[in-house]
Amino acid sequence: MTRGFYIGRFQPYHDGHHHMVERIAGEVDELVLGIGSADDSHTRHNPFTAGERIMMITKALEDADLVIYPVPIEDLDRNAVWVSHVRSMSPAFDVAYSNNPLVVQLFSEAGVEVRQSPMFEREKLEGTEIRERMIDDEGWEELVPSAVVDIVDEIDGIERLQRVSDTDGAADDRPHRSNTADPE
Amino acid sequence: MTRGFYIGRFQPYHDGHHHMVERIAGEVDELVLGIGSADDSHTRHNPFTAGERIMMITKALEDADLVIYPVPIEDLDRNAVWVSHVRSMSPAFDVAYSNNPLVVQLFSEAGVEVRQSPMFEREKLEGTEIRERMIDDEGWEELVPSAVVDIVDEIDGIERLQRVSDTDGAADDRPHRSNTADPE
Amino acid sequence: MTRGFYIGRFQPYHDGHHHMVERIAGEVDELVLGIGSADDSHTRHNPFTAGERIMMITKALEDADLVIYPVPIEDLDRNAVWVSHVRSMSPAFDVAYSNNPLVVQLFSEAGVEVRQSPMFEREKLEGTEIRERMIDDEGWEELVPSAVVDIVDEIDGIERLQRVSDTDGAADDRPHRSNTADPE
Amino acid sequence: MTRGFYIGRFQPYHDGHHHMVERIAGEVDELVLGIGSADDSHTRHNPFTAGERIMMITKALEDADLVIYPVPIEDLDRNAVWVSHVRSMSPAFDVAYSNNPLVVQLFSEAGVEVRQSPMFEREKLEGTEIRERMIDDEGWEELVPSAVVDIVDEIDGIERLQRVSDTDGAADDRPHRSNTADPE
Amino acid sequence: MTRGFYIGRFQPYHDGHHHMVERIAGEVDELVLGIGSADDSHTRHNPFTAGERIMMITKALEDADLVIYPVPIEDLDRNAVWVSHVRSMSPAFDVAYSNNPLVVQLFSEAGVEVRQSPMFEREKLEGTEIRERMIDDEGWEELVPSAVVDIVDEIDGIERLQRVSDTDGAADDRPHRSNTADPE
Amino acid sequence: MTRGFYIGRFQPYHDGHHHMVERIAGEVDELVLGIGSADDSHTRHNPFTAGERIMMITKALEDADLVIYPVPIEDLDRNAVWVSHVRSMSPAFDVAYSNNPLVVQLFSEAGVEVRQSPMFEREKLEGTEIRERMIDDEGWEELVPSAVVDIVDEIDGIERLQRVSDTDGAADDRPHRSNTADPE
C-alpha cells in the first residue's frame, strides 16, 4: 500500500487539481490532500473556508478509484517547522507531490521523497485565472468539476468573492493586518 | 440530507465513541468528526497526533453506513470565537452532538441545535481509563475497535505513551510550558 | 491632572472593586480600568466577556465623580513585556494601583510608581466567593453594584456560569487546552 | 435604546470620522468605536498606539450628545472568526456602520445589520492623505479635531511618524516581519 | 569535531548543570546549551529572563575547556514540531543530552542520538530546591557557581523571586493566564 | 565594562557587518549581536536559520578582540513591546547601535542610548545585493568573511537560496501566508 501527499490551497478545487489527482492515482493507493492556509478565508486570494474546500474535494472525487483524505493545514508561518507540522496533521505518507520549489526544498531537507511533473505548471496558473473569472461571474464553471459549481452556488461564493475583492471601496482600509478591508 | 457534528479528542478513538457514532448514524446521513486539540500530541492527555487520529477514525468506520468527515480542529483557546473556528474548518452541519456542558453552552449561544444523551456519560470516563491501561499495556485492546489496535501497534503508541507519562523522571522538568518534560 | 491605572479581571465588577475606585477617586482625576484576561470568557474563572465587563464598569460608575476609561487588555503571557503591552493599550497614566505582588514587581522594574493598600486584600477574596455564590444563585446580588445585577440578568449570566462550571459532566473533557469542556 | 458599532483604525481620528459619528448620532443612543489593529503602532500605516487613539476619540467627542465606548480590537487575522472576536470585546450592539466591503460581508454572513453610506467614501481617502501631510508637517491640523492636534503634539507624534516613515534609511531593513525597519 | 546539545531551563544555572557540562565536555568539542522557556520570566518556576540566564551560563563557563553556545529557545507548545524548532535555532549538533523522558522520546522519533545518565537525576531535583532556598535567601549560594551568585545579586534576583512567589497576596489573582498575579 | 547591542538579520553576516563590529569594538568591551527574524528561514529575504547565522557570526569573529553574544530574537510583530522583548532575550546592554530609523525611534522612546553612523548606510545595501549574487552564485564570496563562505558551502546554502527564490515556478503559490511557495 502506498500513500501520497498533495498540498494545495484549492481556492477553488479545479480541473488542474483534478487532472493531477487522476495522474497521481496511477501511482498510489491512497492520497492525502493537504488544504493549505486552512485558517484563511474571505480574501481575494483565499475566498473559501477550509470546510467549504473539504466539501469541494470530497464531492468532486466521490467516484474516484482512490481513497482520499482531505486535511486542513493551518498556517504556521515558519518554514523550518512546516514539514513537522504537516506530518503531525496528516496520515503518514510515502511520497509528496509538488512542483513548488519551496515545498520541494523543505521536503527534500527533511528526507521526504518528492515527485515533480511538468503538468503541475498548468495547474498553478489556473487558480488566479479562475478567481478572476469568478469575480466577473463568467466562464469559471468550465474550469472546475461540476460538483464545485454546485457548492459555490450553495454558499453564494461568487457574491462573497466579488465583495471581498471590491478594492475600489477598500483602499487603505483593512480591519486587520493581512486582509483587505478596514475603514480608516 | 442531514449532517451532524460530533466533537472529541479521540485519544484514542474507542468503543464509547464508536457506539455514539452508531447511535448518531440513525439520525443523520453524514457526520463530521471534529478532532479537538489537533495540534497537541506526545502528552499523557493527548498522546496521538491529529494524523494518527484521522487514521483511527477512518479505519474503524470504513464499513459504517455513513459518510464521515474526520476534521482536525486546532486549539484556539478562546471560547468566544470557538464556534466560528469550528464552523470555518468543518463542512456545514445541521446539529451538534455533545454532552459536554461548555460545548453545549457555546453552541447554544451561537444558535446551533445541540443534542445530548445519557450514553455520552459512559464514553467520557473511558478516555482516561484506556490511556491508563495503555501505560500498563494491559486490557486496553478490548475497549477500542480492532482497527485502532493495529494503528497503535504500527506507530509504537504504547511505548510513546509510557515514555511521555514517565513522571518519575520528569518532575519540574518541561521543555515547554504546557507539557511534561524539560530538564531543569 | 493626574491619571491612575487600576488592573483587574472584574469577573464580575463587585463592591470590593467599587470601594477601591472610590478611594482612588480621592487621589486622581481620571482612572483607567484595565480589564485583564480580556480574551478569556465562558470559564469558571472568567465567565464574562470583555464587552460585558466594560458594560458592568461603565454602568456601575456612571454617577461617579471621575473620568473613567475601561480598557480590555488581552493576555500576552509574557511577564517581561507585559508593562509595555499595558502602556500601549492604555491612555498614559501617572500611577498604578495594585496589591498584587507580581504586578507591583513588574511596574517597579519598569520604573512606574505603584501604590498599594491593605484594603485591596479584602477585594481579592471576593471574586471567587462571588462566583461560587452565582453558581448557587444565592446571595451574590448583595456583593455587587445593582447595575451589575441588571447586566448579569440580561445576558443570562448565572445560567452560563452554572453550565461552564458543571464539572460533573466535564471530567477529562475539554474542547481546547485551557478550558474545561471537551468530550473525550 | 439603540447601540451602534463603528469600526476604524483612527490613525488618526479625523474630521471624516467626526462627521460620520455626528451622522450616526442621529440614529443611535450609544456608539461603540472599535479601534482596529489595536496592537499595531509605530508604522507609517499605524503610527499611534491604541491608548493614544482612545485619547483622541474621547477628547474629540467629550461634548458630543452621545454615550461612546472606544474599544481596542487587536488583530486576529482570521476573517472567519472576526465577528465573534469583535462581539466578545464590545458591548452588545444592534447595528454596525461600515462601507468597507469585507466588513459588510463578514457582518452580513453573521446576520448583523450593516448600514452603509456614500459619505464614508470621503473619510476613507483622508487617512492616508492626513498621514502624508503629517510627515511633511503641513496642513494636517485643519483636517482633524483640535483635541487631536493637542494629543499629537503632546506625544511628539509628528516626529515619530517622520522617523518610522523614513524609508531612505530603511531599505531592506526591518527588525521584524510586518514593519519597516531592521538593519541588514 | 563533535558538537552536543543540552537542553535545560537553567532557573538558575546550578552545580548540577555544571557537573553535567563537565561530564559532557569529555565527549564533545563544542556544546550548545538550549535555554528552554526562554520567553518566560518573573514566575516562581521561571524567575530569570533568557538574557540573565545567558549571562549565568557564559560567566560560569568562561574558564571551561569547551566552546559553548547558549541559545534561547522560546516555547512553541507543540511537541510534534519541537525538534524542528530546536534545530532551526541551534548550531547543528551530533548528539543530544537529556534524561527527560519526553525529550528523549521526541529526539528519538526524529532520529537524533540521545545520551542519558543517572547523574541527571540529581540535577533535576535541585532546581526547585534552589529556588525554594532563594525565596528564604538561605543556603542557595553553595549550590550554584560563584559567577551565578554575582549575577543574581546584581539584578536583585532574590527580591524579584520573593515577590513573584508571594502567593498570600496573589490568590485568584493573575494579570494573565499562565502566571501568578492579577488583582481580581 | 561597557556592553553594546547591535541588531541585524545577518542574512548572511557580511563584510559590512564585520566592519561595523570592528568599529564598535573600539567603544565597548562586549557586544550582543541580536539576530532579528530568528524564526524566519528558507525565504529569499531570510534564507538562513538562526542556528546557521549563530555559526556565521561566531566563526567570523572568533579572533576578534571582543566578547560577543549572538542572540536569536524571534519576531514579535508589535513595535510597542519590541524593546522589552529584546531586553528580556539579551544580556543587559548600555548602548544600542543602529542607523535604522524605526529601531532608533523605539530605543529612544524607551530611554536607551542609540548611536548612529554614516558607515551603516553601506552595510544596508549589501544584504540584498549579496543574496542576488548568491542566487547567481557569482561574486558573493568576496563580500563576506571567509568563515561564512565555508558555512554556506557546508549547508548547501546556494542551492537552497536558488530554490526558494525560483519565482517562475512559484507564482500565486505559497504553502503559508508570509512565504513564497504553495501549489494552487
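Order of writing sets the chain letters: A, B, C, D, E and F. Residues in each chain are counted from 1.
Note that a contact is a pair of C-beta atoms (placed from the backbone, for glycine too) under 8 Å apart; a residue touches a chain by one contact, two chains touch by 3 or more.
Keep in mind that this is a model prediction, so the values were computed, not measured.
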Subunit F and subunit E - chains in contact with each: A, C
Intersection of contact partners for subunit B and subunit F: A, C, D, E
Contact-richer chain pair [A-F vs C-F]: A-F
Repeat of the E-F interface, chosen from C-E, C-D or A-D (over half of contact pairs identical by residue number): C-D
Subunit A on subunit D, rotation in degrees - Cα superposition, rounded to nearest 5: 120
Separation of mean Cα positions, subunit E and subunit A [Å, integer]: 42
Distance between the centres, which are taken as Cα means, of subunit F and subunit D, whole angstrom: 34
For subunit A paired with subunit C, centre-to-centre distance based on mean C-alpha positions, whole Å: 43
Contacts with two or more other chains, residues of subunit C listed in rising order: 39-41, 49, 76, 78, 80, 87-88, 178
Pairs of chains found to touch, sorted by chain label: A-B, A-D, A-E, A-F, B-C, B-D, B-E, C-D, C-E, C-F, D-F, E-F
Subunit A partner contacts - residues on subunit D that touch it in the complex: 6-11, 16-17, 36-37, 40, 45, 73, 75-80, 82, 98-106, 109, 120-121, 123-128, 178
Contacting residues of subunit B [partner subunit D, same complex]: 76, 78, 80-81, 83-85, 87-88
Parts of subunit F lying in touch with subunit E, wherever the complex brings them together: 38-39, 41, 49-52, 54-55, 58, 69-72, 74, 87-92
Subunit E contact footprint on subunit B (complex, rising order): 39-43, 49, 160, 163-164, 166, 169-184
